[in-house]
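Below are two complexes that have subunit A in common, paired first with subunit B and then with subunit C.
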Partner chain A sequence: MPKTKQSEALKDIGQNYDEKYGFRKPESYTFKSQRGLSEEVVRNISGMKKEPQWMLDFRLKALDIFFKKPMPTWGDTDLLNGIDFKNIYYYIRPGEKQSTDWNDVPKDIKDTFDKLGIPQAERKFLAGVTAQYESEVVYHSLQKEVEKQGVIFLDMDSGLREHPEIVKKYFGKIIPSMDNKFAALNSAVWSGGSFIYVPKGVHVTIPLQAYFRINAENMGQFERTLIIADEGSSIHYIEGCTAPSYSSDSLHSAVVELIAEKNAKIRYTTIQNWSKNVYNLVTKRAIAKEAATVEWIDGNLGSKLTMKYPAVYLMGERAHGEVLSIAFSGKDQHQDAGAKMVHAASNTTSVVTSKSISKDGGRSTYRGLLKVEKGAKNVKATVRCDALLLDEESRSDTYPTMEAHENKIDLGHEASVSKVGDEQLFYLTSRGISEQEAMMMIVNGFIEPFTKELPLEYAVELNRLIQLEMEGSVG
Partner chain B sequence: MKYLSNSSENSATPVLRIPKDTQVSETLFYQDATHQALTIVLEPNSSANIIDETVAGEKSVRSIHVQKGAKLHYTHIQRCGEDVTFVEEQMAEVDQDAIFQTVHIGLGARQMTSNIHTKLMQPGAQAKILGVFFGHNHQVFEAHTIQDHEAPNTQSDLLFKSALKDESQSHYEGVIRIPRQAQKSDAFQTNRNLLLSEKAKAKSIPKLEIIADDVRCKHAAAMGTLNAEELFYLQSRGLDGAQAERMVVEGFFEEVLSQIPSDEVRQRLVKNVHERLLEGKLG
Partner chain C sequence: MKKESNILFEIKNLYVSVEGKEILKGLDLKIERGKVHAFMGRNGSGKTTLSYTIMGHPKYKVTQGEILFKGQNIVPLRPDERAKLRLFLAFQYPVSIPGVSVGNFLRASMKAVRGGDVPIKEFRTKLKEKMQLLDMKDSVLGRYVNDGFSGGEKKRLEILQMALMEPEMTILDETDSGLDIDALNIVAEGINRLRSQDRSMLVITHYQRLLNYVKPDYVHVLSDGKIIRSGGAELAKQLETQGYEWILKERGEGNAQNKTV
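Here is the complex of A and B:
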């Protein structure tokens, strides 16, 4: 196919985002903290939530670290330095009380979910839906059998109130405030997120889900999620988000800590589709103990700049870590994502599979670390990155780091960058398929290893999102 | 040495210049510890094999220009004493339809740093960039490579290998850069590390920065120890454990050493590798 024709077919893809996906409801907040960050704001947040003294101390210490730490000097520094920390709300609380019943969920919030296209029947079917609307969880339900199994599934604030002993034991232990500037920021002003504890030997068969949203201009979202899977248990947690678009920049900076005890299994699935003005700077890290498995399934579609490198620290023998990710970068987007695998024990294994698609001048970056610590023998690990460039304006970068301090290991990394083959397009169009459809089929095929790992309703939603991105003016 | 001149009036750098349309059939050996810098120019449609060996000194600075249609096979061998810190700087420019092969062998020095920058300046330029490092004792080999595709229809293929005994270390960091104008380029980059001792360390950062979409670009990196199946196979053929290990390591280097255009030099290097393998014990 001639180049011009192809680029014409691609031209409209990913346009009209605002009309198709950007929507917002009028704000109705009971409390809105001042813009900007200060000790007073942090004290206010902690006070509003009636937190114990240790949490206030933790926040204040983190705030201090945040002020002292310089901005990262790597990654997309131009975009990072564009964040105006003074112009952000650090806490908003919608409605007074937490809803326990679907009927109590405010109407405008329900409307928003309707727009997202989540069918009523499906909502009821889903095990536990924590809908993060603004900075706090407004709707929270847990299916009876899950509750009966002894599983704790709360928003983080309730978790802190009801299970302070567990929270204190693990909170900030996997990702200390010192870790990076944005982890420090989150530690200072966190609000909402999920707290999950799965008791020994319990298998949660239905994925637990949470929807995240941002709905106020210049509003930061600083969720804090902590998941503990006790010995021999298993859990699948799903976090998905779509956000209305706004004119000025929004900051989203979450911290997610996972602990998989001996023989436990955690799968954490994310589909991130923030509107294209959001900074999504997230720290995600898991500890896998003996024979435990941790899997990060990570889809990045939205945001202006995402910097996210889910990590698994393999601390016990025979632990296994996995990251499976896709990134889709359209106009004015930079997806700087990757994975970190740190092998600190013998006989551990890990697999990283990363797929990225760049179009309309978008930029996708894979940045990763694969490290074998001294004393970790018989380690096997592979990293595989594939990048698809859909036009000559777009960009793909690969920055993997591999480091070994032991020799009885087998580490491999492979990456490729290519475009959609003319032969592939020609074959499909000769079968009577339109160019755009053909392009979409190829892209869908490219990300299939990712989609097939998602639960059905998410796979459908993802396909719909990709379709919106790829479809452009058609229909 | 023929073709070598002590350069222009305002520069002390000697120049090795192969005139236009000249095919030099014998291998040219360059060994000069007094000058750290050397400029190599292959004028259009000329060809040459150059072997450049450093056994003393601290630095070699090489500026290479392979002009239109020329062909250069260049080999740099570093066998300095293990009390020095050695820095190798190489900048090569490859013009239209020119072919450049560069092989880097690192055996000596306490610490060696190689900065190998290859620029494919015009369409049809091709470069093959190869390197082997064999570390023992406390040697550290650091290599930084850049493959810059400045023009469309250019090709580059890089392979750097290191085998590490004792407490030696390898640190590889390389980047392929394909800007918008360099469509229809092919670029490859591979780094392999063979860790022969528990105390050896390796770090590898192979990077890609790609903007042109109509390209074929791949990279790979691997780290590991001797393959147990290969060793088992050789032992089943009657070799003892140590012999089998040596044979696998020699095979690991063969891929690069076989590209050196002089039998005499190649055999000498194979012997060097063999001798180093006989010291102490592997594994």
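Here is the complex of A and C:
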């Protein structure tokens, strides 16, 4: 009898990362901080950026909070406590200028982004791009037509220099440094990220994208993103990220703040594909005012440990929040992801859909909070979590938390855990389909609710990514 | 009997175990091209084990014997390899594959069975024709495979696949179960259209009902993992009116059989 090839077909998931994304270039920089974190490092960063005093003060205060705050005592504490903060480089400046033409980008860096397909994607379907390499944005573009509409799309450092009044008003207001240890860390050493302002009534119909690349070993990348969609405007922002595979750890800790004013709509899409030596500890939070919509489309494929719970605070009536996420956990990976929905106004609605796939002993955790504040009437919320386990060694956990201070709420919660059944595989293979292709079909089918929300090119890319992870090397 | 060379499918002294329990205990069968054989038996007699074993379900272990299809022993082959030889199983309980559309699935399996691309135009024409025959709506193509399908819809999709794959040997596992009389008519019509001098079928059924529509050339009675009686179409009728008990009694197994069910 033929024995099931399932284990063989699955064995190679994640084996092709190195070639496609995990390649490395020789290190080249104009400044590299010492390993480890200190006041000196923070002052250096701020000084090199010629920041206003208030930002330096903000950083130093955050540094103090970071040092004082204990590590989280929840989540995967074993992995978390493995972070060696003293071994990380907190700031690497890859060059002295930002280019608006790929030909002006240093060769190794340009080659990197070429290989990752960023310039090609930009030509085909993006309205603007920023490309961050280590700590700084090295390339930036925005279509003229979009710029003419008054849309601001800059890296965060330029945003601070050119629009200090807006930045000062919002920066750190949605996610204060006190929020958590890693938000404090980011606030102290942040560099790069995106700053976007969409004026009233302007619809940016083509997505803007930021791409984040870590190249150096033991790098810490701490970009900071702030997006403001003014009344009645809309925007779709996409971010992607990758890193070389190293045997020792890197750290990525971002803070992302979104504000959707009355009737505005923000969609924020992430395809996180860090190498398996990267800790990815990110704080993402949005404020949705009256009748505004915020959607987090969050895909987590890479990293060693991800802890990320995109939040929407529904502050105005009829605001709508949505989190649609997938997590893929392979060997030595833990995706601890989820969503937070805080209903602070009446007639607000939210939908959370979480899908996870675990294999080769990988762990996926859904951790979510659904909160209904006192006075928020007629709230409607649904949470749906589906986990797919591809083998016996893998693990999935769900920790949904609900806090309701009102009675009149319409709440739906569903959770399921399923295994790729022998019966599904048998059915498909009995139709002539190979076991690997059958497995792909099942997995792609499982995440279809996610991929259908992505722009076509990204859906194709994501399917291809997962296929890469699922396919064995030939022979 | 015709010459040996016209045998399409043959089972020789087949023993099969599932999770250590022996279910088939020395089964022999020969099917000539163009013939329809029916397998009848009570629940637990080994009918589904037989169909899953023929298609190569990994849980069903052949401990002894051979299954020859077009002269080749298919026991060492994977299910997809068997399908490519043009062997087809219409499932009793087809599973759902959420997120995979019927249209994509059908094209993928046609491609796989043929071992080459299926031009979209040809695919559509063929699909349209077969679906009309089975009284299926186009909208089914956009739905997920068997997801939320009624019993009748599932069985129609099985027969649609059979019609598209053009198998030389088909096993129909309890295809009539869960069908109302109208659906049974349509499904049976779909099956009968695929009968030809070159194709053979094995119809596994608990009841004789389907055999009124799909007339078998031979009927076999399965009990406790073995064929205990073979005959023509009239045997099915006899089983319907008289039950299985008389055969078992003739063999002196009547009471023993009840215990093993």
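We take it that the second predicted complex is superposed on the first by the 454 of 475 C-alpha atoms of A that agree within 3 Å, B and C clash if a C-alpha of one lies under 4 Å from a C-alpha of the other, contacts with A are read in each partner's own complex, and residues count from 1 in each chain.
In this section, a residue touches a chain if its C-beta (ideal position, glycine included) is under 8 Å from a C-beta of that chain, and two chains touch if they have at least 3 such contacts.
As the structure is a prediction and not an experimental result, all values here were calculated from the model.
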Q: Return first, second, both or neither, reflecting whether A:53 touches subunit B, subunit C, both chains, or no partner chain.
A: neither
Q. Is A:387 touching the first partner subunit B, the second partner subunit C, both, or neither of them?
A. first
Q: Figure out whether A:431 sits in contact with subunit B (first) or subunit C (second), or with both, or with neither.
A: second
**Q.** Partner chain(s) touched by A:405 [first = subunit B, second = subunit C, both, neither]
**A.** first
(Q) Tell me the contact category for A:73 with respect to subunit B and subunit C: first, second, both or neither. (A) neither
Q) Touching A:396, do we find subunit B (first), subunit C (second), both, or neither? A) first
Q. First (subunit B), second (subunit C), both or neither: which does A:413 touch?
A. first
Q) Which positions of subunit B touch subunit A when the two form their complex? A) 180, 183, 193, 195-198, 200-225
Q. For subunit A, which residues are in contact with subunit C within the complex?
A. 1-5, 421-424, 426-435, 437, 441-442, 444-449
Q | Contact footprint of subunit A on subunit C as seen in their complex | A | 52, 55-62, 75-80, 82-84, 88-89, 91, 94-95, 97-100, 105, 108-109, 112-113, 144, 161, 165
Q | In the complex with subunit B, residue positions of subunit A that touch it | A | 387, 389-419
